[in-house]
Amino acid sequence: MRSDQRENNDLRKITIETDYVKHPEGSVLISFGDTKVICNASVEDRVPPFLRGQGKGWITAEYAMLPRATEQRNIRESSKGKVSGRTMEIQRLIGRSLRAVVDLDKIGERTLWVDCDVIQADGGTRTASITGAFVAVVLAFGKLVDKGTIKELPIQDYLTAISVGVIENEKEILDLCYEEDSKAEVDMNVVMTGKGEFVELQGTGEEATFSMNQLQKMLSLAENGVNELVGLQKEAIGKWAEVIDRKQTSSVAGE
Amino acid sequence: MRSDQRENNDLRKITIETDYVKHPEGSVLISFGDTKVICNASVEDRVPPFLRGQGKGWITAEYAMLPRATEQRNIRESSKGKVSGRTMEIQRLIGRSLRAVVDLDKIGERTLWVDCDVIQADGGTRTASITGAFVAVVLAFGKLVDKGTIKELPIQDYLTAISVGVIENEKEILDLCYEEDSKAEVDMNVVMTGKGEFVELQGTGEEATFSMNQLQKMLSLAENGVNELVGLQKEAIGKWAEVIDRKQTSSVAGE
Amino acid sequence: MRSDQRENNDLRKITIETDYVKHPEGSVLISFGDTKVICNASVEDRVPPFLRGQGKGWITAEYAMLPRATEQRNIRESSKGKVSGRTMEIQRLIGRSLRAVVDLDKIGERTLWVDCDVIQADGGTRTASITGAFVAVVLAFGKLVDKGTIKELPIQDYLTAISVGVIENEKEILDLCYEEDSKAEVDMNVVMTGKGEFVELQGTGEEATFSMNQLQKMLSLAENGVNELVGLQKEAIGKWAEVIDRKQTSSVAGE
Amino acid sequence: MRSDQRENNDLRKITIETDYVKHPEGSVLISFGDTKVICNASVEDRVPPFLRGQGKGWITAEYAMLPRATEQRNIRESSKGKVSGRTMEIQRLIGRSLRAVVDLDKIGERTLWVDCDVIQADGGTRTASITGAFVAVVLAFGKLVDKGTIKELPIQDYLTAISVGVIENEKEILDLCYEEDSKAEVDMNVVMTGKGEFVELQGTGEEATFSMNQLQKMLSLAENGVNELVGLQKEAIGKWAEVIDRKQTSSVAGE
Amino acid sequence: MRSDQRENNDLRKITIETDYVKHPEGSVLISFGDTKVICNASVEDRVPPFLRGQGKGWITAEYAMLPRATEQRNIRESSKGKVSGRTMEIQRLIGRSLRAVVDLDKIGERTLWVDCDVIQADGGTRTASITGAFVAVVLAFGKLVDKGTIKELPIQDYLTAISVGVIENEKEILDLCYEEDSKAEVDMNVVMTGKGEFVELQGTGEEATFSMNQLQKMLSLAENGVNELVGLQKEAIGKWAEVIDRKQTSSVAGE
Amino acid sequence: MRSDQRENNDLRKITIETDYVKHPEGSVLISFGDTKVICNASVEDRVPPFLRGQGKGWITAEYAMLPRATEQRNIRESSKGKVSGRTMEIQRLIGRSLRAVVDLDKIGERTLWVDCDVIQADGGTRTASITGAFVAVVLAFGKLVDKGTIKELPIQDYLTAISVGVIENEKEILDLCYEEDSKAEVDMNVVMTGKGEFVELQGTGEEATFSMNQLQKMLSLAENGVNELVGLQKEAIGKWAEVIDRKQTSSVAGE
């Protein structure tokens, strides 16, 4: 049993509230327990210079925390005048992951800006960001489809992320809260599609190392978590779930 | 009648939700219509260098908007590597205003960091920030009093802020929404105490000028708004309202 | 009587020296007592991106102090790598004020850069800057009229600024020097046109608050100061004073 | 067969030249084929603020490329005034990996700065950096042991890194050169100890995803590569190899 | 004859106005023709970290131009957020030159900040800055002597700077104005002491080269200019000239 | 005799290794004793904005040191977020010197980027950089000639640089190593062409001054050094030496 009464393979309580903020094309407030992230997707009608004239689009992500999202107040990155290495790693990861399931050829010369702003942090902010960002992205593209701006939903599969780790000498657990994360021997973030394929795998053992056997156990835990997350995403995106499911069936058939 | 059916002297619907985020000593979500700001007050046990060794405290404020708080997405100030002039003006205003009603001699060598983060913007973000920040500050100091860290609530009076302006050729209005603000001929922010004294007065007519007569009318509107805002603040701070009211009575008596 | 023998409603000795530096289209050295500011107006034949193609112009201002303009040497903002909040507030105020009396539609796609560089500071640098900048701007546009680049002087009215404040428990005074400013309970900057309309009003009481009655008294002092300043501006701009006066008469007549 | 005639499980020609530069405590030029990196380890007799007074040390890494290390010249990060997200990710990875095999409690309050400067790039610069940095670190600590500054070599195990990937539709390969890397469907960096434990695992499929089966195959390739790299490291560190080997034997015995 | 009617070995009209600004310990407005520079010397009662505890002082210089000191307006370095290479070269040159004639051991742990701000530029701003800065420095130290803060004037010799160059195919000239400077084939700045020793010599021929013979001719011109400049400096520093002259005589005697 | 057994007019052992790195058009590793600099020349097919449309090219240089090129590790300029004054001075000197011997009219609208990266420093890094950069530039342009991109080698003369100085009370020496440089009374860098004309002359005596007589002696030493350096450059550039020699003969003949 864990400190918050969860079994090793339990997710925290996860909620996804859509249309959280009124201006963005897609807007979501996602909670993984006490971790709360606002994920906003904004459509811009142009692409970065390196893509101009190629008829395809781009997705990029930014990540930040409110200064007091954490136990101790952090100095604002705008005051420091630069973005930290940690922030850059996370926003690059979010963007790369989203691009793996979006068909950029089908969105025209547009950029989707995805902003993940953590308003309360209790571990797993990057995995919550990816999981929520996917929903915001679907809603934003859905709006473009409804308006007739693009022809079809350019989403190839679901995209979820979850953390797994090893604590207390060899105990593998799913979805670490901050207290667990800070004492974990191994910390791994797994980004997976609805079909169970890996998009990103980032495992690290700063004070320790991990064996092939432990890796296997952690990956199994992750797979279970992903199924549950996909279920919540389906509810959140409503009518668009069908479109994605249909696409996946046909794609499996056509393999 | 205004575009949103309000009379000229009507405030928008205003709500103040306390304990919005779990880590800060004081945390508030304030809404002025569609403008929503998270105001967090954090206590740090030291003061900036210029105050060290004087036995008194400091209050400073920071202000930011989520990139998509507005109709068009704004570039993050952390990405630009610098804070805009507008942001600096606003956060200096918030800090200065709060310091006018807090007795810095009674808080020891502590800094109160007040973070106002706009998650949705529809005009009046700086006045909503000040009005909400006051509540967060009272709650944070209240917590210090409850813990016995400081002896008494170091608050001298209520602090509220409201916008007034002139639109459509000579029509004075209270609490401008974004649409009104963007076409206003004169725009004025009034920061006032519960007793009706001015703390800050900032009026500007970029395309136009204004007369003494118009100034008077705008200041009357502001005074009415302030009374309503103080009422909402009292509800939000609960038991601490009494403490402030008592202090004001005795201070009036002792004048 | 004040420390420098002035009555409460006295301005300091004010001088305006034109053509102070040779390269700028308009150049002025203005002194308010020991406060000395070089105000240079430079014409650039293009506008910022947000105005391109609209056939109108722009005015923007920058403000700085020499490091030893003050009693204590200040670190240069170029060495710090960023402009302070105070500087930004002042330069935004100067630019906004000037735009209120210039008809930007009549200057073509040009930008007027106004540089206010304080070489000696003794209080009131922002109000001296605005008052001097107005003269530099008139001279610069005058030169464009003389060269036939633009058809008429695009100035709608005079523009002056003056500080007022409250010191020593309830004494209202005009044009504060540094010593007065540093002990003032209320500090207010008033930007007014020649006709006596307000352009900007910025009052602040960091350690104190102020009442409606005090506000009225301060505004009266300001009005008197403005008349004297307009007189000095008329002398400085020579033949262009007539043009502005004529315009105002006809505008009053045509109201 | 690959474009450079290697089998899928072949490393490129790898060389490690020690004492490459004269000032650093440890200095190495490592080549993985045409990828050449100078790895310098510098000892500083103090630790960062967050570790002061704890009697333990720290290892941190910096990574850079000469502007023309690549086919196209890159703008220097010092000219841009900021370090890119890619650079930050890599230098954080190098530092974290080294800290996993160094016993920081045994080096006193010292910081080891590890600089990895790529002078020629042809894919795999981060894995070459880690593999070379380990040798530089051993040599630097060896020098401290020889001088009697520290009592024993604070190295717990060998540390190597290698890239694996998938190209051309389902072909798993080891040690990708730039040409292979730029067309890879999956790209994974594996950091491993001499005992075959994982330190870091970073797999990404930007345009594609990868299955559990592919992951297994890539990890096998990596394990083979690691053995060869450890052999080369042993030669490079000379007498210190024995010390590490002895420690590992006893540690296995004492498990 | 040159375009401004000077002979090749003529200086422009040079004036030195002392006590130009009221706050600095030493303040000078120096003009070399239309080039005008404010040179302020400020005393700070501490030294940079690398000198602490050694009982000696430091002199450092900063240089800037008002944006419209030149024909075309320049962007302010504080707005750009960084100091240009040209500015850095000049301020390093001014500081180095001054340190060559000041006895830093005799000023205690103090820093002299020398600010050279060009308000109007017409060539030779760096040589005017050095020549004027010397006077400001003498006046500042003189004030410290008069107050009894230091015992004697820590100045070993006069310090002057002048430009020489080659124009129009082989014509050597002294003290180039901007028009001459911009077409010069060779441009050389010579910093010399009153005794005629070199402190700095910086010659450059960007589009051309120069021979030993030309170098000799330019250095002769410079020597003549220096004598005249020393005369003007003596007048400007008044009673302190005697002190320096006496020191030089005794130092020559004691050689 | 000097500490490293050299006579006062001896250069250190100098070697020039060409084609050191594979990607650049011209690449050289130059050593002046223990000072080692990688000089890479890169061709870019466009010019900076101020030259566009004029049919001519540009040469610019950048200079950096690896953090541990020196006895003490230096903080990376990319981490500091800005380039130091010393670095700017050196890279401006290198660029200016190279432009003096290259015929920019003959290279079309191209920029040559010259990167001088010091991997080991022992005094004289700027003179080694210039001497090595010249070779890299010739090789890069030679490659363009061989490919037919430009018609002829746009090099007018050889370009070398050497340091001279005064140590130990009046002893003039050539090619100072770091130990000598740090105790030198006068330090001078001389950039010369193969014909013995000056390109740049930069002499400085921070703690001391120097006389005309000392200047003469230093310049003689420099001239001798230059001849030897030109010999080494000829060997390094192989067939291109003839082309430059031929041009010089005809240019002397045609004078």
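Note that the chains are named A, B, C, D, E and F in the order they appear, and that numbering of residues resets to 1 at the start of each chain.
Please note the rule applied: contacts are C-beta pairs under 8 Å (C-beta built on N, C-alpha and C of every residue); 3 or more make two chains touch, one makes a residue touch a chain.
Chain-to-protein mapping (UniProt): A, B, C, D, E, F = Ribonuclease PH.
All values derive from a computational prediction rather than experimental measurement.
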| item | value |
| --- | --- |
| Graph separation of chain C and chain F (steps between touching chains) | 2 |
| Chain located farthest away, centre of chain D as origin (C-alpha) | C |
| Same-residue or different-residue interface between chain A and chain B, half as cut-off | same |
| Superposition of chain C upon chain E: rotation angle, C-alpha, nearest 5 degrees | 180 |
| Centre-to-centre distance between chain D and chain B (centres being mean Cα positions), rounded to whole Å | 52 |
| Whole-Å gap between the CA centroids of chain A and chain E | 61 |
| Centre-to-centre distance between chain C and chain B (centres being mean Cα positions), rounded to whole Å | 29 |
| Residue list for chain F, restricted to those that touch at least two other chains | 81-83 |
| Circular arrangement of chains, read from chain A onward through chain D | A, D, F, E, C, B |
| Chain E - residues contacting chain F, complex | 82, 84-86, 88-89, 91-92, 96, 99-100, 188, 193, 195, 197-212, 215, 219 |
| List of chain D residues in touch with chain F within their complex | 21-24, 27, 34, 38, 40, 42, 44, 62, 64, 66-71, 73, 76-83, 87, 113, 115, 117, 119-120 |
